[in-house]
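Following: one structure in structure tokens, then a few remarks.
Here the chain labels run A, B, C and D in written order, and each chain numbers its own residues starting at 1.
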């Protein structure tokens, strides 16, 4: 199986190139009886959509999703859900001039070497355009998790280049183009992005994602710990180069007496572990953080080779995101939703009838 | 499928509890014709073995591995390879006194909630003892990768609590109990560990792993990028809370003009990406870094509850590693070997007959 | 993973209901560099298409397939191939009158019990209409197998109710609406089908499928023998209730001295085993035979219950195949192609560099 | 993944050669809380054991199974269950004389071609000896299905060469060495087998397996119909060349009005379909029938080639079953148990909270 599928029970399989006629995916394993409309999925697609602000790619795509199967009279039937988004603004002529060049920092070289052929129009399959289907499919998982289990997944921009941003007001995230929960810094971000565009350059970012209302018990021993599944999901997003759970890389300098989350009858006293113990969800908030690299498609000239190996210079003038992190929040949320949904079904398959007492639930510490 | 399997084509499935009679695994998909003896696997098992120095758990386990199938007249036959290690020094009576307590930072609570039952002897399935089988299975992958493809996988301790350690001499790694490549710091590490034990506390660590001699083309588009597979593999190791490829979290503050690895006819000018482009190996060194938390089994008293939810105090007096990072290097190496081997076979299945020119190989920059 | 996927490396995942807006599938794992157009797939789709003769359902569907991704400048790129067929002639009002009845011999009852909801229009997901996507996807496999490996897959109608049909002229199969290779019997079949329609009844059939030019070595030990994979593939086709390889059920009365296919330097002396030994292809022709039940959608009144459990009478007047076996030949061929393609890639992944002599190839007996 | 694993959620992965030191398997996904001892598994292993009567191979193997993990204080913990059986009576010197010959009807040729190497001792991995692990693992599934869901799985010898045997008394099956439920024919069978041994020949057989007390809803749409899963499971057993569900190949000559199982408020009027509708279990008895070929290891001289391709004569004098069907009943039962268990968990994962009325359960016709 090539890498176009995610999940073992709640499974998404996608197809589609940046400049092909359409993108699509098939979601299998969705429990029946979930109310579902295209509007439910469009909401998150609109959050990810290009052209929403002047700080992201100006490609004009409505990204209107169609549900082609698996929903009957407004509810899921339990059978495969086919989703389709047509590409409207392809402008593939933009790519003629770089078709013979190997763009540094892009998949051009590796796809060419792996397959002996590549669709050079906008990165083809390697384009972040495929993340639209992650968001569409993730919307189904998200709705189920929220309506049936009370899980809420929220992300925010935690750092943009030099600016560290606090999660002061998560409700503000959707009212600004940065997915920023630190409204006092918005002006700085605006100015930073304007200067960046003038410089013809790009910048990295950090996104944090939190799942609250977590069920206890998700994740499997050994190789499929929830941590591993989350890391896999996040690192599969284009441009992600680092993943942390809980205190992440800070644990290196922590002592055990400082790191371990002590427990009282009222719950955990803190959440350094980030919501898992032994790889299985503890009911605490799941805390995930990811690092996204700056896009390599910039207007500053760079050194490279052409497809025959001869030296060349490259300048990317197409429509690109100067900070891919700016549109990554709904994608990361979607990937977390898909991961949790899959592990919820895996857990339920094996342990549906387990009865336990002593749950430390009411006051499980969030942060 | 529960989480006991890793890999799609080169697959390891393992079993075994910390204090059960034995651990074992089955490796399937190994190409035939590889010379293989138990000694080949024992080498890495000995590097991971408990009791090797005074800084790690004093449990006495020879960890002698037996090959029960899949090898005939000294070479692999292509059929399933069964491996077995018997547990010798179980001392499970140590655990009687904590069987009714929920150890903070451990899987006690989550296993109990997930399954309604748990093997409380030394963490049962959640014990890091299972990593012995990762190392054994990884040894097969490692041998194939090295002998057939020229891939070399090496790890080292990059940070121990406050001490940052440079990869000055990778050949020194196996001659000290810290897997340290920075010999000038050995004395500091010794003293630090002695003091830590006196304190009855534990500490986190960072391990870096490098694969050199990499084939180009490993990894799949979209969800199974090599980055994602590596992140999954690493985050599945007990105590790992963060994973980075290449520049990792440093990319957040990088600009595109700084991050992108420019290309000349002689190869890449640097390796910020850490060896993948678009999720597929570029032939550059694969650069991986992981953070391991301090173990929660320490002698400092902590607050917790018992299995009935009543407040309790816990002190762990058993045989434990004060820094789980100290034995993690061969485990991380093994997981990287398993990941690369699996992706090599996946790549070969689809692309065995692809012919390409223009490989940037000879001088692909390593770091 | 629900049952919408087939194959481990060359994988088809499909969606679509009989009366939804469209059917589609995603094919992953296809090797790059294969020339592929929609016309290549349309050929077999036309063979399966409804309305081709008066003996099959009169639903009018052009079944025009679109390739939405994975093909660039006329060749496969190695990335996911999205295929789509729009439903044109849905007439779902036909189904209003049976929406509250449980049709005997159909999936109505079981889908209702499994999912608590069902799309009653023409069987929804359980309709044989989904087999269009098997044929489309199978066309890709078939083309690869034929062009790269020289494998040829041909099926024919071997029995229609009381008429046993010999494979006298396989080239005649596509020139009559029965996929019959026994031209002398065509008149009998015509008359039989006319009388059957007058009776308002349906009939079962046997289809045989042969793969010639087989590579040696396809199939895996133990659970994934090629025989098992073929049986899985065939039994997944709607209405199939029996599968045989080689001599099939006749082996019950055979002695070992009669059954075993003796070997000479020139090849096997016969082919009772049907092309596999120990579950692995021997290079002989692969001989498969399947039994298809008569459709339960007939005009003769039958006894049943309604969805509330009350007694009811049912008569099916819609557009149905009086012999589902008549259109099954291209479907069975497609499933065999998908099976062989998947196993070819699995075999190549593990054994790409195995060198052997002594192949019994030149004259491997076919029948 | 090579073919050593079966099942997606309740998964068995096995290893072991006929003449290696041991056989073993790992069962993952077993729900926690099931009481389980080695004696529970030994029961079926003893039914399959060689040397039980003079009509089967005289190899002396106690086949004593050890549980190495996954069971704590007498109940399953939900973690991986490791099982091990040591080979005691290997006598591999028997095979020296045939090591250079390609036995007709055996996997010698295909394994050699596939892997370039083979373990010639008793067929190595291709030996039916691996079925011991199927029976051991199947015993766990069987116990769960029976205790938790009330499913009962029983098989019997339905035909031995020319003798057709009726299921007159299923309780008699375990009191004779033929798994025969038709006691009046035992004497014929005895005589037939004695004469067969005198002839130095072997014979085929038919085994029927029935699962009663079936839950409704097992099986998935499209490719993973329960029929397909059962066919896969059965056809993976050594020597099986045909599989039927319900009326099987008889459906070819049936009319729809005859085949369809009509329904009344009291249940189905008959069971031609064999317990599935649209690939999903209906609650009726699951009726499966399989054909096993005669073993090719016989004392009658046969024509073959040696491993260099030169003509040779072969006579097999080792310890072999003159009718492999005689020991196949517990193996087929085990495979059915594994299939149903896996599909029960798959169904529960997706549909655990589906509430439906109108179940036709009380009087679902069995035959």
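The rule is short, and it goes like this: contacts are C-beta pairs under 8 Å (C-beta built on N, C-alpha and C of every residue); 3 or more make two chains touch, one makes a residue touch a chain.
Note that the structure is a prediction, hence the values are computed from the model and not measured.
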{"item": "B-D, A-D or B-C - pair sharing over half of the A-C contact pairs", "value": "B-D"}
{"item": "Reference chain A; chain at largest CA-centroid distance", "value": "D"}
{"item": "Centre-to-centre distance between chain D and chain A (centres being mean Cα positions), rounded to whole Å", "value": "45"}
{"item": "Centre-to-centre distance between chain D and chain C (centres being mean Cα positions), rounded to whole Å", "value": "26"}
{"item": "Interface hub residues of chain A, defined as touching at least two other chains", "value": "1-2, 4-5, 8-9, 14, 29, 32-33, 78-80, 114-116, 125, 221-222, 346, 350-351, 354"}
{"item": "Of chain B, residues touching chain C in the complex", "value": "8-9, 29-33, 78-80, 221-222, 345-346, 348-354"}
{"item": "Contact footprint of chain A on chain C as seen in their complex", "value": "1-2, 4-5, 7-9, 11, 13-17, 20-26, 28-29, 32-33, 66, 68-70, 72, 75, 77-82, 84, 114-119, 124-125"}
{"item": "List of chain B residues in touch with chain A within their complex", "value": "1-6, 8, 12, 14, 102, 104-116, 123, 125-126, 130, 159, 161-162, 196, 199, 201-206, 216-217, 219-225, 227-236, 238, 240-265, 269, 272-274, 276-283, 291-298, 300, 302-305, 307-311, 346-347, 350-351, 354-360"}
